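Below is one structure, written out as structure tokens, with a few remarks after it.
All chains are identified by letter, namely A, B, C, D, E, F, G and H, in their written order; residue positions are counted from 1 within each chain.
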Amino acid sequence: MDVKDLEYVNDLLEQDNELREKIKDEVAELDKKTRTMSGLLNRIHSTPAEQMPALLGQVKPVLESCRTTTAAIANVVPPTQFWRWKDMWTNSLRSAVFAATMVGYLETGTLLTLPQVRDVLGIDPQWSDRYALAAEDYLHGVISLVNELSRLAVNAVTMGNFEEPIKISTFVKDIFAGFSMLNLKNDPLRRRYDSLKYDIKKIEEVVYDVSLRKLAPSRNQAS
Amino acid sequence: MSDTTNTNLGSRDAILSVFEGFRDELDDHNDRRERLIKHSRDVTNLSKKIIFLLHRIMTDDASEGSGDGGGVGVGGGGVGDRSRALKAASKGREKLREVQGMFANVRHELTGDRFWRYQRQVSPGLQEYIEALSFAHYLETGKLIGYEEVQKSLSDDQGAPYFPLPLEDYLLGLSDLTGELMRYAISAISRRGGRTKAQDVCVFVRNCRADFEVWTPYFKDLRKKQNVTSQSLEKIEDAAYAIMVRSSEYDLSPDMLDDIVARTVSF
Amino acid sequence: MDVKDLEYVNDLLEQDNELREKIKDEVAELDKKTRTMSGLLNRIHSTPAEQMPALLGQVKPVLESCRTTTAAIANVVPPTQFWRWKDMWTNSLRSAVFAATMVGYLETGTLLTLPQVRDVLGIDPQWSDRYALAAEDYLHGVISLVNELSRLAVNAVTMGNFEEPIKISTFVKDIFAGFSMLNLKNDPLRRRYDSLKYDIKKIEEVVYDVSLRKLAPSRNQAS
Amino acid sequence: MDVKDLEYVNDLLEQDNELREKIKDEVAELDKKTRTMSGLLNRIHSTPAEQMPALLGQVKPVLESCRTTTAAIANVVPPTQFWRWKDMWTNSLRSAVFAATMVGYLETGTLLTLPQVRDVLGIDPQWSDRYALAAEDYLHGVISLVNELSRLAVNAVTMGNFEEPIKISTFVKDIFAGFSMLNLKNDPLRRRYDSLKYDIKKIEEVVYDVSLRKLAPSRNQAS
Amino acid sequence: MSDTTNTNLGSRDAILSVFEGFRDELDDHNDRRERLIKHSRDVTNLSKKIIFLLHRIMTDDASEGSGDGGGVGVGGGGVGDRSRALKAASKGREKLREVQGMFANVRHELTGDRFWRYQRQVSPGLQEYIEALSFAHYLETGKLIGYEEVQKSLSDDQGAPYFPLPLEDYLLGLSDLTGELMRYAISAISRRGGRTKAQDVCVFVRNCRADFEVWTPYFKDLRKKQNVTSQSLEKIEDAAYAIMVRSSEYDLSPDMLDDIVARTVSF
Amino acid sequence: MDVKDLEYVNDLLEQDNELREKIKDEVAELDKKTRTMSGLLNRIHSTPAEQMPALLGQVKPVLESCRTTTAAIANVVPPTQFWRWKDMWTNSLRSAVFAATMVGYLETGTLLTLPQVRDVLGIDPQWSDRYALAAEDYLHGVISLVNELSRLAVNAVTMGNFEEPIKISTFVKDIFAGFSMLNLKNDPLRRRYDSLKYDIKKIEEVVYDVSLRKLAPSRNQAS
Amino acid sequence: MDVKDLEYVNDLLEQDNELREKIKDEVAELDKKTRTMSGLLNRIHSTPAEQMPALLGQVKPVLESCRTTTAAIANVVPPTQFWRWKDMWTNSLRSAVFAATMVGYLETGTLLTLPQVRDVLGIDPQWSDRYALAAEDYLHGVISLVNELSRLAVNAVTMGNFEEPIKISTFVKDIFAGFSMLNLKNDPLRRRYDSLKYDIKKIEEVVYDVSLRKLAPSRNQAS
Amino acid sequence: MDVKDLEYVNDLLEQDNELREKIKDEVAELDKKTRTMSGLLNRIHSTPAEQMPALLGQVKPVLESCRTTTAAIANVVPPTQFWRWKDMWTNSLRSAVFAATMVGYLETGTLLTLPQVRDVLGIDPQWSDRYALAAEDYLHGVISLVNELSRLAVNAVTMGNFEEPIKISTFVKDIFAGFSMLNLKNDPLRRRYDSLKYDIKKIEEVVYDVSLRKLAPSRNQAS
């Protein structure tokens, strides 16, 4: 093995190691933020409707601050190497998608689209070879949203809010119908999609309980 | 042991004749092992069928006749359930005698020191048999079958055991019973009187789990089975909870509630 | 290996591969159809009784169109090789059985027999060594039917239909009695059979609720 | 290998073996006690509230007797070798923490702190190089407590005690919020913490059932 | 298929009678499956014994008589080895006919579409049989047995196959042969003429490995077996190497070297 | 989920699926070629030195034909997605590196450098965001070369070629010294590098046998 | 479980545990003896023929002392439970068989039969359901003997004893012929039997070297 | 969970993390040094006897420089926590023991004792609760030494040094006899000790080859 070639190879390996460390640091930052948001959003289960805006007021600045981290990661990743390092932040990014869509639902009752989430998180579509929001990750985040909404349906009733479950039911069934039109491979996404059925069943049972006891004003909206 | 002579093995012929003895011995051993593996598979299959039979009778509406009600055994909750349990146990025992016959048939393969040599081959079938036997016993008496009673069921008319019953197989077989009891309790719930039955099974399985916990350090498979038992127990607890929650909205006795429901269904 | 044998083996392999590709294509077709039917049948949970016929009117043409795909697969599979390739379409076929029996239940309130399902799906009994409806697959489809009916019992009440749960209850108990007669191994069918018990329990709870709401005195006057 | 050096090495190995045997014996003792306590505490699921003090009266002497075993282990372990032998009693110690905190909860409705548990188990902080209660082990014990309380919420209701779940809910959510502020590595503790979400969901569902049916007197405390 | 009627299942009785049909069908299937598993174990055991028999004859000094020498098959290297190989093959074939008889006996269980249904149960025994058969064939002809010849050995006198031979079982059975050939080569080395034999086996196994490599993407178990073959091949290569190194110090032909050694040992 | 967004997501998923199929086909092509080369190179163990050129004459056209496949893959992969799809051809590419370096050794007795291998396989450095030869894959190929050379050392002796092992020994020790200067992480490459020690030991034993018996003309070159 | 049964089970367990401890102690004794013998017999590789009797003189008393331990174990094991506890001493017993047959070979040049080994170790055939020498263990011991003899063949030559390898060769080939008669499963005995072939090969190489050194012309005049 | 207790627990976790990072850095340093030594010592297999002192002259400064790293680690580890962090440097330390004993053998032909190795590596016995050389690690290093010496025996002969194998043989047999007197548990050390037999066998075969060809002057020293 001649020395020049050896150095060439060693340089390549060395650069990769450094890059990995840099990305790790930025991702740790993103991770801290998504963890804070998860902590805050966990409170929705015990927050009465009228105090929800105040809670969202706490989450939104953190959500916005993700833009800086996003840009930092995008700056570190060399052009064309998006897919190489993506695994390092996949989990954090999915949590961020969850937080963004949850805030979106609580504020507007609608589902943020992929481009909207991209905007919220400050992901520039032009970075696509360094940092992007893949369809798969968007969908994972949305599934987490549904998981959490089935919990919210239960807790809303506990707090005496009988209309929320019905609202959630409509919202979630719509998402489920959307998913069922996608052509998913047999991968983790597929398995999580299958698990959505349990969430829907749980929500339907809450709506049932509420309807049976005539607790909600306008029962027929459930359909 | 091989019938070798007592002289040194100085020549190839001497060695060959001695090893011929070893060959016969090893072949013998392997053949017996094979026979016992097959036997164990047969016992397992038949025992599984008996368990299904017991479940079947316990959920069979048609056999719901008049019964003596009450008593020590299972089914005290509903009219006729007691008699159904007795019928199940008696039909089960009939079939279990077939399994006992199968064990009697291999008795000669397991004499003297042989039983412990082939225990690993006998064990799977034996445990499944104990599972079935203890299920029938539970239906009949509401209790866990004792070690000595299991051993007696594997003995001839003179009370001589076909082979010693390993403690491990006895306990592991009983541990499997909790899974069947869970299934039994869950199916029972949707039936009249089944709610009380589920409560009984819940207490019973909870005690089994507590009793068996002490022995987990001694048998390595028991830890795994205890985990299964814990899961089964949680399922039964959840079911018992659901009953309580549903009925707590009304100021009526369980029996009266059952009556109202029955009337609605058969409107 | 001498050249002749090598070629012989390669030929056999080539044939199998071609066959596999052909079957794959046909099964993809069947799969698309069962997915469409699942999507449509998912709507029964929010469709009032009077609109059910219209919904079934959408499902039935798709169901009938399965006959073509069925025939196509049967044509491709060589005689006696039914069990060799069966795994490729098992899941799709079970979904088709579910759809057929669900339509059957919704129209007539009874359970389609295996030969009836075979007819609906256009499976010719004479093809039995190439393409058939095995008992196991029929039973899996029926279990899916029960799973979905326990959901329907809940949702029917939400829509104000208090008779449906009682109808479902009787129907499902009969099916369960049938299943209890089987001697099952520790296989997937056994596990799904165990799950039936929970469906029955759920349905009974609905029946219980409905019966008592009408007739029994409640501890609190919730409504 | 010269004889003296050999003997020196062999002596070292021999001493370790003896020490290991001694510790094993003491740990077996501790293990027996925690098993007894687990057995007794298993009965909380079928003990009505009014008989709980009697049950705790059985557990507490055993808990106190742990102090002797604790001291015995601390006596055997040579100074500075705490971390060497710790694995031998980790599981037993965590069970003891579980028992102590469970008794604490049942008596006072609060969570014993790490120093309090240390006191209960008779672990002298001055032994820290021989026998100590590591933060990690305390936290494992607390997670076991939560696991068991989610079961208790269910079984309390079955016994007609509708207030317990609400008490448990508040207690457990508090613990969960605490955990979510810790900076956990990706280790078993982290995984067990993640599993807490299932316990909380289950407890929330119990509170839901109780609230929906107005079974507990003061429903709004749940929020 | 079950003999259900063509009317809807509107009553419990109708459902029960239909499910009774399913029960019989499932029981039938499970019983057949059990029988075939047991059958497969028997075939495996007998086939293993045949492989030992073949090794035994090939290393048996006593049977070292005068032979025809040379020829296409194995054992061309030493006087008498060729005849020993033929004797082994013929004794092996005799025993292999017993196995073929066993397959003939289950023929009726595997008619029509049934073979493919139970292939997984038949497969272990079938592969072991092919391993034994191909070993005998190698000893006789020095070649790998062809697919059609294996299929023919599993056919009746009229040439009708008992069941179709799956390509996978054929190839996996042959792949196992390389392990036996390694054992054969290593034992052969310490014997007169065995050195040439080891070289032959080395070339043969090397070719097997190359031929089979092409098929690894198609059968998932083949990759694993190819790794075993590679290990066996390396063992044979090392043995062949050792021979070469030892003899290369002397300016004599292998035969003359053998003669000198033989003289020393029997001094 | 609004229809436009759904279609957008579904299109993304669909494109990925098509792309995956296309790449799969091209990789299958490359795979077939490397398998052919492995088959041919397997013969080096029974090919006497004088017939080696003829054997290499068979391998080289196949090796050259890899350039077409290489170009085909590079054409299919979208710019910037190299790291996304790389796993699909990693194994085949490493086999190709092995074949290239083995031919290089047999012809010239030297180790082809990474850029040389790139040239042989027709990988244009300008494609780096679509198809490239990563240092890691080059090194894996080189390790396979050493594995095979240790076998060749043995078999060359069997064929009466006593100088080859000495040549191999020098060559391989040089490579090993090179590897030991690399800063490898604890990954598969590291583990395979560790395994090189066994190959070297084996080669040393062959050189020993040859030297001891004075079979090779110039023994002292081995040192 | 009712109290009587619980106690019954506990009693059985207690008895087994005591028995296990007792056997363990005795086996530790046996183990110590076989270890001493292994240490002594390891010296045969550097002991000239004339000093061999002295070495054996050291081994034999230890071998004889095994009889006491043997009897002690046999006394502890309950009738018919031989196979139940056998695993505890299998390794030690096989080492003892090795020692006995090695001494036998070195003294008489022949293989001790199973009954002879039984005699040497003081195993009374009448104990057969409590303590016996199973064929399998005898065979394992004999294979260890062959393993060691292949080493001895090499070292005897180093010590200038050229007759020993030839003696060993004949002896070992006879044993191998015996083993070839067995039908083995894929178990440890089978794997060790396969290893015998390598021992024989090694011994043959030594015989080959020794024979040719004396009689054949060498290519180089190495000496 | 009250805030003070929470902070207490979090502080404990945080401190551990920092400590771990610090130790990691120091161990990386030690690791680099042992890697350099391994690289240099790998050259003994191609270094003629007369150039050995020069080679050792290169190794010894590195070996001595370990003292600094040793002290650095000892400084970072808190008193009494030796056994907690030991796993982090075990492998590096064993490599250092190997290097020290190899240098010792090559210079003096004797085995360095445990205290001697401790001196060489600058491990102060007074640090025993922070950084020490455990008997187990010393023995692992010695086994690595034997592994490497069996390779050296082979390569020495290749280089024409026929006395080295005989020296090695005596040295290694002595170590083996020492090991066989230790009472080892069934652990990795035991398994590696078992593997020593292969090294000894290999060395014996080299000595055999040399003796048979009368290449070494005083053959009888082998005994």
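Assume contacts are C-beta pairs under 8 Å (C-beta built on N, C-alpha and C of every residue); 3 or more make two chains touch, one makes a residue touch a chain.
Source: prediction; values computed, not measured.
Peer 1: Touching both chain A and chain F, which chains are there?
Peer 2: none
Peer 1: Centre-to-centre on C-alpha atoms, which chain is most distant from chain F?
Peer 2: Result for max centroid distance from chain F is chain B.
Peer 1: Any chance you could check whether F-H or B-E wins on number of contacting C-beta pairs?
Peer 2: Comparing F-H with B-E, the pair joined by more C-beta contacts is F-H.
Peer 1: Of the pairs A-F, D-H or A-D, which has an interface that repeats that of A-C (more than half of the contact pairs shared)?
Peer 2: Selected pair, repeating A-C: A-D.
Peer 1: Where the centres are mean C-alpha positions, what is the separation of chain E from chain F, in Å?
Peer 2: Computed from C-alpha means, the inter-chain centre distance equals 34 Å.
Peer 1: Could you tell me the distance, in whole angstrom, between the mean C-alpha positions of chain D and chain H?
Peer 2: 42
Peer 1: How many angstrom lie between the centres of chain D and chain F, each centre taken as the mean Cα position?
Peer 2: 55
Peer 1: Could you state the distance in Å from the CA-based centre of chain G to that of chain H?
Peer 2: Comparing mean C-alpha positions, chain H is 34 Å from chain G.
Peer 1: Which parts of chain C, given as residue numbers and ranges, touch two or more other chains?
Peer 2: Only 173, 177, 181-185, 209-210, 219-220, 222 qualify.
Peer 1: Enumerate the residues of chain E that touch no fewer than two other chains.
Peer 2: In chain E, residues 12, 30, 61, 214, 248-249 touch at least two other chains, as defined above.
Peer 1: For a test of understanding, state which residues of chain F touch chain E in their complex under the given definition.
Peer 2: Listed in rising order, the residues of chain F that touch chain E are 31, 35, 38-39, 42-43, 45-46, 151, 154-155, 157-158, 160, 162, 206, 209-210, 213, 215.
Peer 1: Which residues of chain B touch chain G in their complex?
Peer 2: 1-2, 4-12, 15-16, 18-20, 22-23, 25-27, 30, 112-117, 119, 143-144, 146-148, 164, 167, 170-171, 207-208, 211, 215, 218
Peer 1: Under the touch definition given earlier, write down the residues of chain B that touch chain D in their complex.
Peer 2: Contact set of chain B toward chain D: 203, 206, 209-210, 213-214, 217, 234, 237-238, 240-241, 243-245, 248-249.
Peer 1: Inside the complex, what are the residues of chain G that reach chain B?
Peer 2: Residue positions touching the partner: 1-2, 4-6, 8-9, 12-13, 16-17, 80-84, 104, 108-116, 125, 128-130, 132-133, 135-136, 139, 173-175, 177-179, 181-185.
Peer 1: Would you pull the chain A residues touching chain C in the complex into a rising list?
Peer 2: My answer: residues 173, 176-177, 180-181, 201, 204-205, 207-208, 211-215, 219-220, 222-223.
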